[in-house]
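I have a structure here, written as C-alpha cells, and I will follow up with some questions on it.
Chain nomenclature is as follows: A, B, C, D, E and F, assigned in order of appearance, with residue numbering initiated at 1 for each chain independently.
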Amino acid sequence: MTTNRADGRANNQLRPVKITRNWIANAEGSCLIEFGNTRVLCVASLTEGVPRWRQGSGEGWVTAEYSMLPRATSQRSQRESVKGKIGGRTHEISRLIGRSLRAVVDTASLGENTIVLDCDVLQADGGTRTASITGAYVALADAIKWGQKNGLIPLDKAHQKVLKDSVAAISVGIIDGEPRLDLPYEEDVRAETDMNVVVTGSGEFIEVQGTAEHAPFTRAELGALLDLAEGGCKELAVFQEVALSE
Amino acid sequence: MTTNRADGRANNQLRPVKITRNWIANAEGSCLIEFGNTRVLCVASLTEGVPRWRQGSGEGWVTAEYSMLPRATSQRSQRESVKGKIGGRTHEISRLIGRSLRAVVDTASLGENTIVLDCDVLQADGGTRTASITGAYVALADAIKWGQKNGLIPLDKAHQKVLKDSVAAISVGIIDGEPRLDLPYEEDVRAETDMNVVVTGSGEFIEVQGTAEHAPFTRAELGALLDLAEGGCKELAVFQEVALSE
Amino acid sequence: MTTNRADGRANNQLRPVKITRNWIANAEGSCLIEFGNTRVLCVASLTEGVPRWRQGSGEGWVTAEYSMLPRATSQRSQRESVKGKIGGRTHEISRLIGRSLRAVVDTASLGENTIVLDCDVLQADGGTRTASITGAYVALADAIKWGQKNGLIPLDKAHQKVLKDSVAAISVGIIDGEPRLDLPYEEDVRAETDMNVVVTGSGEFIEVQGTAEHAPFTRAELGALLDLAEGGCKELAVFQEVALSE
Amino acid sequence: MTTNRADGRANNQLRPVKITRNWIANAEGSCLIEFGNTRVLCVASLTEGVPRWRQGSGEGWVTAEYSMLPRATSQRSQRESVKGKIGGRTHEISRLIGRSLRAVVDTASLGENTIVLDCDVLQADGGTRTASITGAYVALADAIKWGQKNGLIPLDKAHQKVLKDSVAAISVGIIDGEPRLDLPYEEDVRAETDMNVVVTGSGEFIEVQGTAEHAPFTRAELGALLDLAEGGCKELAVFQEVALSE
Amino acid sequence: MTTNRADGRANNQLRPVKITRNWIANAEGSCLIEFGNTRVLCVASLTEGVPRWRQGSGEGWVTAEYSMLPRATSQRSQRESVKGKIGGRTHEISRLIGRSLRAVVDTASLGENTIVLDCDVLQADGGTRTASITGAYVALADAIKWGQKNGLIPLDKAHQKVLKDSVAAISVGIIDGEPRLDLPYEEDVRAETDMNVVVTGSGEFIEVQGTAEHAPFTRAELGALLDLAEGGCKELAVFQEVALSE
Amino acid sequence: MTTNRADGRANNQLRPVKITRNWIANAEGSCLIEFGNTRVLCVASLTEGVPRWRQGSGEGWVTAEYSMLPRATSQRSQRESVKGKIGGRTHEISRLIGRSLRAVVDTASLGENTIVLDCDVLQADGGTRTASITGAYVALADAIKWGQKNGLIPLDKAHQKVLKDSVAAISVGIIDGEPRLDLPYEEDVRAETDMNVVVTGSGEFIEVQGTAEHAPFTRAELGALLDLAEGGCKELAVFQEVALSE
C-alpha cells in the first residue's frame, strides 16, 4: 500500500502502542505508555479523603497533573518550577486529562477518596496529551483495584460500578489535505487542522477539541476526522484491556 | 410557541445581543458586547513592533487576554492579581480567543505590528468566552482601520486583505435531552454536554470544543449541536456587520 | 469668566459628575461613577463572617481592592495578574480606599459581616482614587441597606448607626502657580504639588495626602488647597445623597 | 513641667536622636539613626548608569527600599522574602522615602548615576519611616560627596547644586485629645489622628500624610499638628548638619 | 557472611548498579541510572553560547537541575511547579551536582558552550543525589563527544582535555553504630550520621558533606566513613567506564 | 612570626571575635557577633506551640533563617523580597544553621515551644554562615533561659538538659597550598578548597562541608583542615562561654 506519511503508516493507522504496567513500585497504579517515540509515565496516587469543598458529600475526587521533562523535546525548555509558574498549555492539558477520567468514574461509588493522576512526559513526539489520557486510564483502573483490595473503597461497591466505562484518546488532523490518525510531531506542526478526541470504550464521545491551525475546516472534514478518531480509540481500548488483563 | 427554557426562548434562539462600539475613548478599537446579562468589555490595542521571537519576519502578531472582574459572578471570586497567578481557566480562554482571532488575520498584511485584545468580563451569565470572541472581532476590525488611517499598516495593504474573514462564537449544549443555543449560566451548569463553536463569516469552523459534563454524547447529538451553532454564528455575523457599518 | 484650564473650568469647579447606581445586577451594592472621562466601577460584596483575626469580636470588616483595566490609560499597561504581583501604587490606593470607608462605618453595628469594595477603573483621566472613594461610598450604603433588609445586619441596628457619616474625596493641586480643584490627567502630571483629600459629609478630614511633585509647598499654599478640597467634597456629598435617594 | 506621656516628654519634644555615620565600611554613604528605641540602618549605594527608561536623559535617579528585620518588632513577623511578595505597607513607605529624597536632589547635576537608599529597620518603636527619611538624607549626602571625590559626579557640579536642600521627617498625632510630637509605638496605636510630615531644611513641605485612625480631625487640629511637625523637623535638620560636619 | 542490613548486603557493598545509556533519543547525552530501586534519568543538553555574565570569556559553562517526580516517593509530594517555588532541598542538590561536574571539566577547552544536566528522579529509595552525580557524568561525557563530532567543541581540543577526570558519588552513614555504604531510604532515615562524598576517578575528593542527624560524630568515625566512600566510588568509576565503552 | 596572610594573621589564627549580647531589646535572646569585618545580628524568638506536623509530639522545634542586607557586600545585591523568591544559597545556609542548632537541643526537654533564629548579615567579609551559627548559639541559650524564667519551659527541665552541648562553626581552606583558618572574603574567593566545620563544645563534629573550588583535595589535606577547624572551634566555645557568663 502506498502512503504519504514519513513513517510509512497508512492514514488510519496508529503508531506502535506499548503499555508497561506497574512501572513505579510504590504507586497504587502506574504505567509507562508509548505511542511511537512519545513516552509518558502515568502514575495514580490514591489517598483517603477529599478536598475541603467536597467533604461530607460522600463522593470521591479524581484530578490530573500533566508535565513535561525539560529535555523531552528536541530543544530543552525551561522547567516550570524554575519559572515559578505553570504555563497555559500545561494547565489546559491537565484539566483535559482530569475531565476525561472523571467522565468514566462514578464518584459516589469511589467513596470519599482522592485519586491524583500524574502524567509526566519523558519523551515527546506528538500526541502527549492523548497518550496521557490513554495511559492514565490504566493507572486509574489499577489504583481502584488496589483501593478495593485494601478496603478504602467499600466492599459492596464492585469494580464495574466505580468505572462506568474505559476511556482512550487520539489525535487526528488534516495534513496536505489528507485526514490522518495519530500525528507525530512533524505532522502536528504542519497540520491545517488538528483535533484531539476522547472516546469511551462503548464508542461515545467525552471530548472533541478541533482547532484550525492554518485553515478553517468544513463540516465534511470534521466528519472525516471523527471517523478516524473513532477507529483509533477502538483499537486503543483493546490495548488497554489486554494490558489490564495481564 | 412552547418552550422549556426559563427565559422563554426557543431552543435555537440567541439571547438579546447588543454591541456598543468605541466604549473606550483612547483605544484603537473597543466595544461593550452583551449576550443577555453577560457583559464583556473588548478593547484592541495596536502598537508598532512585534515580540522578539517574531522580529524581522515581516509578520504581525495578535494575542488576547481574558479576565473577569471579581464580582462579575454572583459570588465574589478572588482577583488573580492578588493570588499572584493566573488560573487554568483564564489561560485556556485567553489562548482560545487569541487563536480564534489569528485565524482570520493575514499576519503578513498586518506588517510588524502587534494587536492585543483585552476581554474583561464586567458581568457574567454564561457564554463569556463566546461573547469575548464575537466582541473582540469588532474591536480588532476597528483597530486595523485605525492602523491603516494612521499609516502603521502600509497603504497598499487594503482592509479586506488584513482581515480574511469575520469570526464569531457561540455556546451550545444538551439540557434535559434537548440541544439548545446560547446557554445562560443556569443552563450551562446543568448541561449534560457543553460545546463552544467558533465559526467564520463564510461558515467554516475555526474551533470546536465539546465536553461531556455529565454524560458522554453520541455522534448524532454532536451533529445537532453543530447545526445549532452554525445558525447562531450566522446571526452574530450580521450583528457584527451592522455594528461595524454604523 | 476667564480660565486657564484646558477644559474651560474655573479653578474651583468639579468636572461633570455622574453616578449610575446598581450597574451590576447581582451585587449587594454597585455604581458606575464618572468624574469627566474617569470612569470607575465600584461594587460592594457583603458576606457573612469576618477574617479569622477578627472572629468573635462582634465587629464587622470593610476592605477595598483597587485595580485598573490594562487599557484604561492611553498606553496599554501589563496586567498585574500576568506580572504575578501587585504594584506599590495599587496596594497604596487599595489601602487608602479601605481606610477611608472604614472611617465612616461603625463596625460594631455592622455585626460580624465583611464588605469588600472593588473599584475597577475602566477608563482613567486623573482622580481615579478620589472617584473610587466617592463611588465606593454609594455602593457601601446600598450593601448595608441590602444587609438590613435581608437580616444579615441585625434589625435593632438602624441604618444611621452603621454609617456614622458619608465620605467623599477629591484631588487638588498647584499648576502654573494656581491652586485648582479636580485635576484631569494632563494637569496631574504637570502639578507642582498634588493633594488628595478625603472629607466626611459633616466636613471633617479623614485623610490628607499632599506631595510636592516638582517644588516644595508653603503652609499658605497648603491652606489654599484645603479650602478648595473642602468645597469640592461638599458638592460631591450632594451628588451622593441625590444618587442614594433615587 | 507636668506631662501626660509615658516617657515624661513634653508634647513638643523629640525622643533622643542619635546619628552614627559610616556604620557600613564599604558603602558610599551610611548611618545608623536612632529615634529613641527605633533604630534604622540607612545605606546609600551609588553606581554609574541609570535605569533603561532614563538612559540618555543626562539625569540621575534616586530610589529607596524600606524593610524591617523579622524581629524588629515585639512579635516576630514573617520575612517578605519568605512570603514571596512585598506587602502594601512596605511598598508605600519605600515610595514615600524615594519621593522625599528626590525632592531635594537636582537630578541633572547628579549626572547619569543611580543612588539606592536602603533603610533597614533593626529595631522598631514607632516613627520608622520618619527616621528612615531623616537618616537616608545623611547617607545620601555622603554618597554624593563620595561621587564627587571619585569623579562619577562631574567636577563643575558643586555639592550645593546636587543637593538643593536638606530634608527630615517626623510623626505627629492626637492622643487623648492632645497634639504630640514624635510618637513611639504605644502612642502610635492609640492615636486618634496620625500624621507624617516631611519638611526641607528651609522649612517648606514635601509631604503631608494625615490619617484619621479613630476619629476625623478638624482643620484646627490639622493646624496644630503641622505646627508641631515644623518645630520637630527644624531640630532634626540641626542633628543632620552636626552629623555631616563631624 | 552475616549482615545486619535488611537487604542482606555487607556494610561495604553497593546496591546493584545499572546504567542504560542514550535513554532519550534526541538528547546530546543521557542515561537512566539505577542504584537498587533508586532510578534517575540524567540528560545532558549541549547548546552553543554561555550565560551573559560569561560571554567573551572563551570558557564554557556546566550547570545542573535536580527534580523529583511527585510520586517518586512512597507518599505523593506536591509539584514545585504547582507550589510556584523551588524548595531548599532541591536548590541545594542542584547546586551540588553542578559543582561536582564542573570540578572535572576544563571550561576553557569546552569553548563558549553550555551543558545543562537534568537529573529527574523517577523513583526514589535513598541516594538520589549520589546517583544523579554518577549518572550525570555519563551523560556529560556523551554530550562532550557529541559536541566534538558536531564541531561545536573545536577539533584541536581532544576529549581527554575537556574532561580532566571522571567523577562519582556515594552516600555513607552510621546506622546502629555501624558505618555502612550506599544507604537505601530505610537506612537513611535511621542514620545517626549521614555523609555524601564525591570522588574523582583518580581518588581525590571533590565534596565531603557529613551531617550528624541524631548524634555528633568523632574524628575516628569520620575516617571510617571516608574509607567506605573511597571504596564505593572506585567501584562506581568502573561501572561508568564500562557503560561509556559500550 | 612571618605570615603570608594579608591581615598578618598566623594560618591557625582567628580574626578578632566580638559578641555583644542583648542587642535587640525585645527579643528573648540576641547578639551582634563580629568575626573581623563580618557582622551578623542573631536574634532568637521563642513562642509557645509548634508547627502543625509536630503538634502533640511533646517536642519543641528549632529553625533558622539567614539573610543578607542588600549592601552587606561591596556591591549592592537585589533583595530577595523584591525578586520574589529566596535563592539557593540562602536556603542552603538557613538549613545548615537550623540543623546545627537542633543538634545540641534536646527537643523533648524544650517542650512544645518553637525557637526561630534569625541571622541577618549586616556586613559581610567571609564566614557569614559560621559567624551565624556561633552567634545563634548565644541567642538560643538566652532564649532558653528566658523560657525557663517565664514558665514556658517546664521547671523540672533544667537548663543543662535542654542544651546538650554548645556549638560553634568556622571556615577553613587551602590558599596557595596552605591550610588556613577563618577565611575573609579575599581568601575565600581564592581558596582551592573551602570547608565549613561545625563542632560541639565537647569537640565532636556536627557538620563537615568541604568543597573543591579550584582543585580536588587529598585525604591528607582534609585531615589538616579538620585539625585547624577543631582548634578554631575550641577557641570560639570559650568566647561563647565568656559572653554568656557576663
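Everything below uses one rule, namely that a contact is a pair of C-beta atoms (placed from the backbone, for glycine too) under 8 Å apart; a residue touches a chain by one contact, two chains touch by 3 or more.
Note that the structure is predicted; figures quoted are calculated from it, not measured.
Asks: So which chains count as neighbours of both subunit C and subunit E?
Replies: The common neighbours do not exist; no chain touches both.
Asks: Among E-F, B-C or D-F, which pair gives essentially the same interface as C-D, with more than half of the residue-number contact pairs in common?
Replies: E-F
Asks: Averaged over CA atoms, how far is the centre of subunit A from the centre of subunit D? Could you give it in whole Å?
Replies: 60
Asks: If you average the CA atoms of subunit A and of subunit E, how many Å lie between those two points?
Replies: Whole-Å distance between the two chain centres: 33.
Asks: So, what's the distance in Å between the C-alpha centres of subunit C and subunit A?
Replies: Comparing mean C-alpha positions, subunit C is 51 Å from subunit A.
Asks: Give me the residue numbers in subunit D that touch at least two other chains, ranges are fine.
Replies: 84-86
Asks: Output the circular ordering of the chains, read from subunit A in the direction of subunit B.
Replies: A, B, C, D, F, E
Asks: Within the complex, which stretch of subunit E touches subunit A?
Replies: Its residues touching subunit A are 24-27, 30, 37, 41, 43, 45, 47, 65, 67, 69-74, 76, 79-86, 90, 116, 118, 120, 122-123.
Asks: Residues of subunit B touching subunit A in their complex?
Replies: 85-89, 91-92, 94-95, 99, 103, 165, 195, 200, 202, 204-212, 216-219, 222, 226, 230
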